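Below you'll find the structures, each written out as structure tokens.
The following pair of complexes shares a single chain, subunit A, combined with subunit B in the former and subunit C in the latter.
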Partner chain A sequence: MRLLHEQNIENIALGAAVLGTGGGGDPYIGMLMAKKAIRDYGPVELYTLDELDDDDLIVPTAMMGAPTVMVEKMPNGDDIINAFQAVGKFIGKPIRATMSIEAGGMNSVVPIYLAARLRLPMVDCDGMGRAFPELQMVTHTIYGIDATPMAMSDERGNTVLMETVSNQWTETFARSVTVDMGAMAMIALYAATVRELKESAIIGTMSKAEIIGETIRSARVNEVDPVKTVRESVGGFEVFKGKISDVERRTEAGFAKGDAFMEGIDEYAGQRLQLSFQNEHLMVRIDGEPRVTVPDLIAVLDIDTGEPITTESMRYGYRVAVIGIPCDPKWRTPKGLALVGPGYFGYDDVEYVPVETRYR
Partner chain B sequence: MRLLHEQNIENIALGAAVLGTGGGGDPYIGMLMAKKAIRDYGPVELYTLDELDDDDLIVPTAMMGAPTVMVEKMPNGDDIINAFQAVGKFIGKPIRATMSIEAGGMNSVVPIYLAARLRLPMVDCDGMGRAFPELQMVTHTIYGIDATPMAMSDERGNTVLMETVSNQWTETFARSVTVDMGAMAMIALYAATVRELKESAIIGTMSKAEIIGETIRSARVNEVDPVKTVRESVGGFEVFKGKISDVERRTEAGFAKGDAFMEGIDEYAGQRLQLSFQNEHLMVRIDGEPRVTVPDLIAVLDIDTGEPITTESMRYGYRVAVIGIPCDPKWRTPKGLALVGPGYFGYDDVEYVPVETRYR
Partner chain C sequence: MRIGIDVGGTNTDAVVMDGARVVAAIKTPTTANVSDGITTALRSLVAESGLDVSALDAVMIGTTHFTNAVVERKRLQPTTCIRLGLPATVSLPPMVDWPDDLAEVVGSEHYLAHGGHEFDGREISPFDEAEIRDIAGKIKAKGIKAIAISSVFSPVNTTFEEQAAAIVRDVIPDANITLSSTIGRIGLLERENAAIMNACLRDLALRTVNGFKTALAEMEITAPFYISQNDGTLMNADFAADYPVLTFASGPTNSMRGAAFLSGLKDAIVVDVGGTTTDIGVLQHGFPRVAALAVDIGGVRTNFRMPDTLSIGLGGGSMVSADPLRVGPQSVGYELTSRARVFGGDVMTTTDICVAAGHVEIGDPGRVAAVDAALIDAVETRIEEMINVGVDRMKTSATPMPVIIVGGGSILVQRPVAGASEIVKPEHFAVANAIGAAIAQIGGETDRIFSLAEMSRDEALAQAKQEATDKAVAAGAAPETVEIVEVEEVPLAYLPGNATRIMVKAVGDLAEG
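Up next is the complex of A and B:
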């Protein structure tokens, strides 16, 4: 067990935003809330799974919705407490700790906020090792863990609780309710025992995010190339450097979907990159050819600061580097690829090729 | 207390279909299910509120959705049990009985089915005295009773439970989930004590529906004018006789909306009637002038049999009589009219005038 203090939070949020592959929400608001909660209630205990009892029950907490909305609509904090307690009341057993369901800017810090406010421990793992746009896209699903009972709460005080026959049905209902709640909801779901998580979860994600964040920050101080530093710290590959020439967006059924286009610079001059996204970056095509696809991670970084750029903050004229990062091996299994491979997102003609195969 | 046997059910469903004012679903499927449940499990006890303890808890049960779907998609019976038990589990107190939330063909018999299967009593009242298209449109809302905790279940085994800050929010979330469940869901909601219902409910609706049904049936046997018989049994007024010349329909956000047009016959020859509906009949205009509006009841009857015609079964060429029926006085209060007056349905320029004022 180690303690998460205010100064840990910025590094976690920054690192998780890299792993968040353009999604998982802008970390800024959530980070402020988590830091304030730690200031008010004290540091958060971060446990490894091995330090807990196998029968301990863990309930992850997160935000659901289109990241574009979060910038305008701030969660009030009670909403996530309501969602978490609704699941606890429904299960009727004590909950030992919370955890992050995805490594994304916002969703790395939501559970920290909750843990601080309820003085509840947190576990150093998550269900994606990155961010994904839909609820069923977690390693829990690969291992047969139910998303439900799931609770969703909004800032008005509404709570919706569900028990479904599949995690895909959970996504269907939760997506509609998220739209009704104003395109954003706070959620608690995927209750699982430590025993189940030892098999199914992606281990050490919080610490990994923190190390990435620390690395970026020290690179800035020491004035070394921040993009190179990020790339090395995540074990990724440089795919492109360019200038954003166009961003096409649409909000569709609660998702921020679209494509960004970039014109290459330096050694990439003359090449054109198309980046498709649905909350998160899904696929990089260069001159029409797929180069990196889900479930591998695509990070878009500010070329000067190494700061990860979320899908909603991409703008014409930004100079960026695009990094491909190998995903967790659990996603490369047949079950994993059925859940989150290119085919699921409608790219039926695109075969998944591990990023390191193309860029080694 | 009296017992509801199989032979009571047909009369209740027929009478409730008249009060259902074109909506509340085709009673046929629900009637068959309720009759079979009584055959299998025995008759249902129907209590008056006075026969129960003031602290007894009553949870109404119903079907939610566009009636057009119900004809194709049959509820499996376990769904309504699941919804009812989910609310019971959530409240954590024994539930004394169920009741009908609306007088409509389907929703008069859904609680009978549940009562028979669970061998639970039923109370002789409802929350509308007619049918209405949205969840918050019950006299419970006028008296400040919460719709939630509300549960919704589908035939696959999915259950969604909610606690909301207003009955309007319940409607919003429940409508989306109903669409996701296939435009139809079984629901349990508006838990209230007998003490609360004595003030807020519309009393004796089941018995009233049964008497109307009996009257229609005996009129057929005795070959008296069935339309006149129905009109007299409900205390209504003849508004029109005509032939349906056109029906315009659209399914919109889970509602069956549209307009039917009729050309007058007999003493109404030369007049043209427009009937607007949203699951239920909302307004009759004759030659452009509003003649009967919500919350008063509009019944469209087959001119030869007196059989009520639902919005979804109206067809070109049908010869029908249109009857206007005064609604319960609770709906004529300022709170009642705000919930279900013409203005709520978008007819801002139409003032509510009690039907008996125009037709006495």
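Up next is the complex of A and C:
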């Protein structure tokens, strides 16, 4: 067990933006909430799964909806507590700790707010090791853990509790309720025991995010190449360096989709990269050939600062480095690839090849 | 005829323009009292040009005075904030992300009240008149006059902020109130921060604008005067007294707009070499490319659209040392004319190197005659590298682009610039910022979320464009000249149904008379 203080939160948020692979929402609001709660209520205990009893019950918490709304209508703070306690009440057992369901983007830090307010521990793991757009896209689903009972709460004090037949149905209903709640809801879901999580969760992701954030920050201070140090800290591969020459966006079925094009610089001069995204970065093609695809992580970093660049802020003229990071092996199983492989996102003709196979 | 004035940290520059022609230009030191500096500048400008002040149509002033007040934490008024949005937003109260020293000066008093809207225009909770009246009473008892009012999604619906302002004004008749919806974009904390900063600058703004008025009256100038905004457009003086925060970062914008005007180029890199720093930016269609990331001002996060400039520590006052070779970032700044070698001082600066190399004759060249040729070459090579790297970082493609060099320190750029299709050093390069102020237009902007369930995308775009155009005309633009210069559409991520955020900017020429 170790303690998370305010400065840990800043590093986790920065690292989580890298793991967000262009999506997952700007962690800024969640980070401010977590920092303020730690200031008001004290530091948060972060446990590894091994330090807890196998029968301990863990309930992840998160924000669901549009990040653009969250920057305008910030949470009440009691809403996330209501959702968390509603699940506990339904199950009728004490909850030992909370955790992040999505280590990429803002949901890395949102549960830290709850943990600080309730003086409850966090567990150092998550269900994605990155960001994904839909609720069933967690490793819990691969191992048959139900998203429900799931609670969704708004700032008015409303809580919707649901039980469904599949995690896909949970996603469908939850999306509708989110819109009614103002395009944003605080949620608690995927209750599981430590025993179950040891098998199904992605371990150590809070610490991983923190190390990435720390690396970027110290690279800036020491004036060493931040892109290289980030790549080394995540065990990733440099895929490209270039300038964004064009960004095409379109809306399909409520998703912000698009492609960014980059012209190579330095040793990549003459090459052309196409980055396809749907909230998160999904696929890199270089000169037409797929090079990195989901579920491996694709991080686009500012070449000078190492700052991760989101799909929304990608603009003509940015000089960026593209890094491919191997995803957790759980995503590379047939069940994992059925949930989040290239095929699920509409790339039926693209076969998933692990990034290290192409770049080692 | 127009006069453009740029009040910078070091120099106050002024120009007289007749249509597109620069009639006269001068550079004077900025003074502690900003209006004195303007009076001095105007006086020497009139003396130099023999200008008949009754023939002036307008005077445009760009100033960093208000930005500096925030950065220096000086001359700020105690301020409070009322936010409408309960029960939402409690987790992050107003000013939660402000640096302590600034919050201490401004005061961190704030109130949360019911109200606010959802993204689609529904009310979060009804407006509560009694609650606002009660809060206003408390503010009155504390004697605070500067009040910022914010409401969740006020860019979508401004009524709650306006209703609250009416009640506060009823209770505190001499309150100076800033509504967040009049200033900013979506992003409650950033918009609210800007509104609070604006409120705490209002006293200073009123005094400064009155100082400008007095300075002009002393010169018997009766033409209307305008202040530049961060996007390169103008606001009239009374509007500026109400919205000082909109002047933030107008300096780099003016200088880039001036460079575009002087060179006749619409797409180019602008290198503005000042006394301490060189700012490199990109012109697209004649306007500065805008930064995508949130901008910190004095440690406070705002969502102003600032020009995307790269600032490097190189200017005419940059200090030079030989072994090891160093050029900047330390600078003698405004003390150049006393501390540089050629001016009788003992500090070797880049200006001294330029004089030693024979590029320019200022001060006493004899004082740098002994400078080693190898050092001159090494310094010029270092300057060349710094400019090349900076220009390359800002470029948008490998295709060579024109590079426009402006600013008082332009003389530093002697070598070719890598990746430049041509290097343009326009006439009057030293006062590009004042020219940018003189040629500025009037703008209007809208930024809100449209639900495409109720209207088509085309209708939403048309409505947004109309709103921006109306705002430009209301601000003083001649209706027939208004053009839409920027449209940005961002669909809301992770949300089914069709909601899209549309930002539109319209710009037109200043209406005559």
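Going forward, the second predicted complex is superposed on the first by the 342 of 360 C-alpha atoms of A that agree within 3 Å, B and C clash if a C-alpha of one lies under 4 Å from a C-alpha of the other, contacts with A are read in each partner's own complex, and residues count from 1 in each chain.
Just so it is clear, a residue touches a chain if its C-beta (ideal position, glycine included) is under 8 Å from a C-beta of that chain, and two chains touch if they have at least 3 such contacts.
This structure is a prediction, so every number in the text was calculated from the model and none was measured.
Engineer: Taking the superposition as given, does A:179 touch the first partner, subunit B, the second, subunit C, both, or neither?
Structural biologist: Both subunit B and subunit C are touched by A:179.
Engineer: Quick one: classify A:143 as touching subunit B (first), subunit C (second), both or neither.
Structural biologist: A:143 sits against neither subunit B nor subunit C.
Engineer: Kindly classify A:169 by the partners it touches after superposition: subunit B alone (first), subunit C alone (second), both, or neither?
Structural biologist: first
Engineer: Does the superposition put A:158 against subunit B (first), subunit C (second), both, or neither?
Structural biologist: Only subunit B is touched by A:158; subunit C is not.
Engineer: Applying the document's definition of touch, where does A:41 land relative to subunit B and subunit C: first, second, both, or neither?
Structural biologist: The answer is neither, since A:41 touches no partner chain.
Engineer: Per the contact definition in the header, classify A:243: touching subunit B only (first), subunit C only (second), both, or neither.
Structural biologist: second
Engineer: Output check: A:313 vs subunit B and subunit C. Expected answer is one of first, second, both, neither. What do you get?
Structural biologist: second
Engineer: Can A:261 be said to touch subunit B (first), subunit C (second), both, or neither?
Structural biologist: A:261 contacts neither subunit B nor subunit C.
Engineer: Which partner, subunit B or subunit C, touches the larger number of subunit A residues?
Structural biologist: After superposition, C is the partner touching more of subunit A.
Engineer: Go through subunit A and flag every residue that touches subunit B in one model and subunit C in the other.
Structural biologist: 156-157, 176, 179
Engineer: Can you tell me which positions in subunit B touch subunit A when the two form their complex?
Structural biologist: 86, 90, 156-165, 169, 172-173, 176-177, 179-180
Engineer: Given the complex with subunit C, which residues does subunit A contribute to the contact?
Structural biologist: Result: residues 23, 25, 28-29, 32-33, 36-37, 64-69, 71-78, 113, 133, 155-157, 175-176, 178-179, 182-183, 243, 245, 249, 251, 253-256, 263, 265, 269, 279, 304, 311-313, 315-317, 319 of subunit A touch subunit C.
Engineer: So in the complex, which bits of subunit C are touching subunit A?
Structural biologist: 85, 87-92, 96-97, 116, 118-120, 122, 124-125, 152-153, 186-190, 282, 289, 292-294, 393-398, 449, 489-501
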